[in-house]
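Right after this note come the structures.
Look at the two complexes coming up: chain A is in both, with chain B in one and chain C in the other.
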Partner chain A sequence: MFDLYWTTARTAVMVQLQYRMANYFYMIGMIAEPIIYLVVWSTIAAAQGGEVGGYTPGAFAAYYIVWTLVRNMNIVFTPYGWEWRIKHGELSAALLRPVHPLHFDIAYFAGWKFVVILLWLPLAGLLALLFPPTLHPTWLEVVVFCVAIWGAYLIRTMFLWLLGMVTFWTTRVSALYELYFACELLLSGRLVPMALLPAWARELAWFLPFQWTFGFPIEALVGQLTPHELLLGLAMQLLWILVGLGLVQLVWRAGVRRYGAVGG
Partner chain B sequence: MSVLRLAYHYLRIGALNELQYRINFWLQLMQSAVALTVGLVGLSLVFYHTTDVAGWSRAELLAVMGVHILMGGLIGALIQPNMLRLMEDVKQGTLDFVLIKPVDAQALISVREIRLWRLVDVLVGMVVLGVALVQLGETLQLLALFAFGLALACGAVMIYSFWLILTSVAFWVIRVDDMINLFEGIYAAGRWPVGIYPAWLQGLLTFVVPVAFAVTVPAEALTARLDSSTLALACVLALLLFLLARLVWRTGLRRYGGASA
Partner chain C sequence: MADAAISVAELRKIYQVPEREAGLRAALRSLVRRRVREVPAVAGVSFTIAPGEIVGFLGPNGAGKTTTLKMLAGLLHPTDGEARVLGYQPYRRDYAYLRQMTLVMGNRNQLQWDLPALDSFELQRAIYRIPQTEFRATRDAFIDLMDVGAIVSKPVRNLSLGERMKMEIIGALLHRPKILFLDEPTIGLDVTMQRRIRSFIAAYNQRYAATVMLTSHYMADVEALCQRVIVIHHGRVRYDGPLAGLVDRFAAYRQLEVSLAEPADLSHYGEVVAANGVHVTLRVAKAEASRVSARLLNEQAVADLTIEEPPIDDVIEQVFAT
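For the complex of A and B:
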């Protein structure tokens, strides 16, 4: 199993290193979004006498620069790809292999992430020059962050797999996806740090996996979380990975049975 | 044959084609509704913490959002699909079929495609704009309305010219699909008045990607912030950018090899 992961991840690294420019264009297109949020909230913080919801313009800069890395860690096999997978028989080939196709996705995208992190570093440097961040992480925070981005990656892999597998039953899925992504955008800490949401929305977010994939990893590095909160966050990530994994197994079994019925 | 009549017929056929797929209307409506909700929630979050952003009140920012959605609908329905098809044609060599026709090639490539259902966003944008204007409680003068229309038209011409220049780059580097992402990312910046951005970004949004003229200036016309010199500048720039786009297109066309070459 280790061999499978190692080889797939290495293949991904080599493939993606060939498409450096395409990868870069994609990343540059992506940074417009956090810059917009950053500018809007920095303007408001400045107008409110230096801070809003505990964030100074420098803290916002730190938040949204780290955001760009976490956003990249959140990119996994897209649910839109499932239709293609099923229609083009890709899945049939994957089913013939002796291991669960989930392993392949996890390994491939994990390998890709190493390329992404490498390409991200100069971009982060540039952003830090343009928007000076206030960032003084402790060693514990750095360690938790490095673990949490992979936790985020795994949670999102599970949940987008779940979403993608809806395609086993119907292909009219775009509306559902849009709705899911909208909820995710609002309740994950992607649009604004969780501290800026109204109390009821924060409470709602507690029962959902979203904030553990986005807000938590960022706050682990830039926020003022206590060691207790940091460990609690990691525990919540583990919990959601397990919940996601369980659901994936359940839906996958039902879905594959259905897939066989369609093809046979 | 007049170019306008040609455009009319192309758009009519394109629209008829799209009308076959009614379900896409509902999907688009759903998509627009989700996007609008996210936009409104974003706006309320901002005003949950403050009463104005860089001198713009809530209703005024709602008006900016309305223009942004409206213009986004126009771009998505009329400009972008044509440019994507042009990119594909240059890559495949099928632009030949356009060049052998006895009309101006630029006119032809600009009217071949329409995504009818994206026009839903034009309606949504108008509704949002209407609500914003009621909230502002200003009586609209005919002059302001005229200035708004003119600014909007200038903005559309600028975005069209910008897209044509971008697409013409395909004559040299073939692969420009990634630019769409880039454009959409930058266009999203127009959701807020460009005045709030740092100076270097304002320059970029005004003179490189003309988002400022496409969204902020028309919104200024409706919220009584526009002076006539800005409007005049918009007209001049729209004309210049259009001429530049034509020049780049023609230079690029000379490099085009064709399918059989």
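For the complex of A and C:
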């Protein structure tokens, strides 16, 4: 299995390097979102005497610069891709291989991440020059962050696979996707750091997978999490990966039965 | 047949197709009452194929060929009946089974568009867990057989349709499957490419004793590769036997190639298909062929006369028309 992961990831790196300029422009386009959040929150912080909910402009800069990497790590095979995959017969080809397509997706997008990280470094440097971050992580925080971004990647892979598999039953499910993405935006730490959410929203988010894909990895590096909170966060990520994997297996079996019944 | 590579008994596939009339009213009605129609794509097909056989699976569009192949490959769950390939039930898609078969369809794309085919072959090696030495030997042998050594390092997007199809077939066979389901492998290719792919399939079959089921609308493919054909129409087997037997059974006419000493009108002997001076091609009913030949020899100054089978394309058309 290691050989499959290694070869698939290497293939993804080769393919994505062919598209390095497209990837770069995509990443440049993507940083518009955190820059808007950063400018808005920094302005509010300045207006409120230098900080909002414990976040200074430097802390916001650190949060949203790390955000750009975490966002890129969170790019996985989307439900829209699933529609395309079924429509163009790609799923049939995948079903004929003696390996679960989930392995292929995890390996392929993992390979893509290495290209993304490489391209991200100069962008992060530029952002740090424009918006000086306050960032003093400990070694433990760095190690937990490095694990947590891959944990986030796996959680999001599982849940977007679940959403994507809805296309086994119906062809147009974009409204459902949009609902999921809206919940994720609000309850993950993507739009606003979790610490700035109302208490009820933080409590609700604790029982959902979203914050473990955005807020937790970012705060692991830039926040003030205790070692206990860091390890608890990794444990929660593991839990959500396992929950997601179990659900993926269940829905996959039913979905493939349905696919085999109605035609590939 | 206990040792059959492929064994199919009363295999059926019925699709549920949503149906509604045109217009706004029908669209609104379909919100509360959805109508579906049952379409039998395969309506009870039975056959067995021995290991190492190459069988042509023929039929017009919509006859049920691709549906049958998809059921045998494990992509579709049969509605009823039994299918066994190498002893496996295909719809279970056991990995042990998938490692021993391949399905090549015209639209299948297992190649990485932006990379040379060699990189896609490497991915196939990892997917099928092919040992390195075996992989290299097979890959190099196939590259030689297909004569693609000069283009195997070019990005796939820069290859022609025929070149891509060659690469697809190599990629699909690197794991040396024992069962090949080939659905229109030469579709859209020029004659030279078709010939090269045909000879590759024949060589693969000989070298690895692989069992092949081939669908094609090009009779040249069938004539070159298949001793046996199964003809399917409206989801049922109409003929299963030697290619030559198909002509005997379904050809309703014979062609008489007549060379005359001097030009003459032969239209009262049969349908004149072609006339070029003293050379005339006549089409006559199969039962009449001997009698018309005897009459021609008695009544005309015939220099030469041969009775020929009609072209196989015409025979197949005849089968589908019945």
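Details
Heads up, the rule we're going with is that the second predicted complex is superposed on the first by the 263 of 264 C-alpha atoms of A that agree within 3 Å, B and C clash if a C-alpha of one lies under 4 Å from a C-alpha of the other, contacts with A are read in each partner's own complex, and residues count from 1 in each chain.
Everything that follows uses one rule, which is that contacts are C-beta pairs under 8 Å (C-beta built on N, C-alpha and C of every residue); 3 or more make two chains touch, one makes a residue touch a chain.
On a predicted model such as this, the values are computed, not experimentally measured, just so you know.
In the superposition on chain A, contact of A:V15 is made with chain C only, not with chain B. When the two complexes are overlaid on their common chain A, residue A:T138 makes contact with neither chain B nor chain C. Once the two complexes are laid over each other on the shared chain, residue contacts for A:E178 go to chain B alone; chain C is not touched. Of the two partner chains, chain B is the only one that A:T43 touches; chain C does not reach it. Once the two complexes are overlaid on the shared chain, A:T78 sits clear of chain B and of chain C alike. Legend: residue contacts after superposition of the two complexes on their common chain; A:L191 is shown touching chain B, with no touch to chain C.
By the touch criterion defined above, A:F25 reaches chain B but does not reach chain C.
Chain A has more of its residues touched by B than by the other of chain B and chain C.
In the superposition on chain A, contact of A:G89 is made with chain C only, not with chain B. On chain A, the surface touched by chain B in one complex and the surface touched by chain C in the other have no residue in common. Of all the residues in chain C, the ones that touch chain A in their complex are 15-16, 67, 70, 73-77, 91, 93, 95-96, 98-99, 102-103, 105, 107-110, 112, 114-115, 119-120, 122-123, 125-129. Residue ranges on chain B touching chain A, taken from their complex, read 27, 30-31, 34, 37-38, 41-42, 45-46, 48-50, 52-54, 178-179, 181-182, 184-186, 188-189, 191-192, 196-198, 200-201. The touching residues of chain A, when paired with chain B in their complex, are 22, 25-26, 28-33, 35-36, 39-40, 43-44, 47-48, 52-53, 130, 174-175, 178-179, 182, 185-186, 191-192, 196-198.
Across the interface of their complex, chain C is touched by residues 3-4, 6-8, 11, 14-15, 18-19, 89-90, 92-93, 95-99, 257, 260-264 of chain A.
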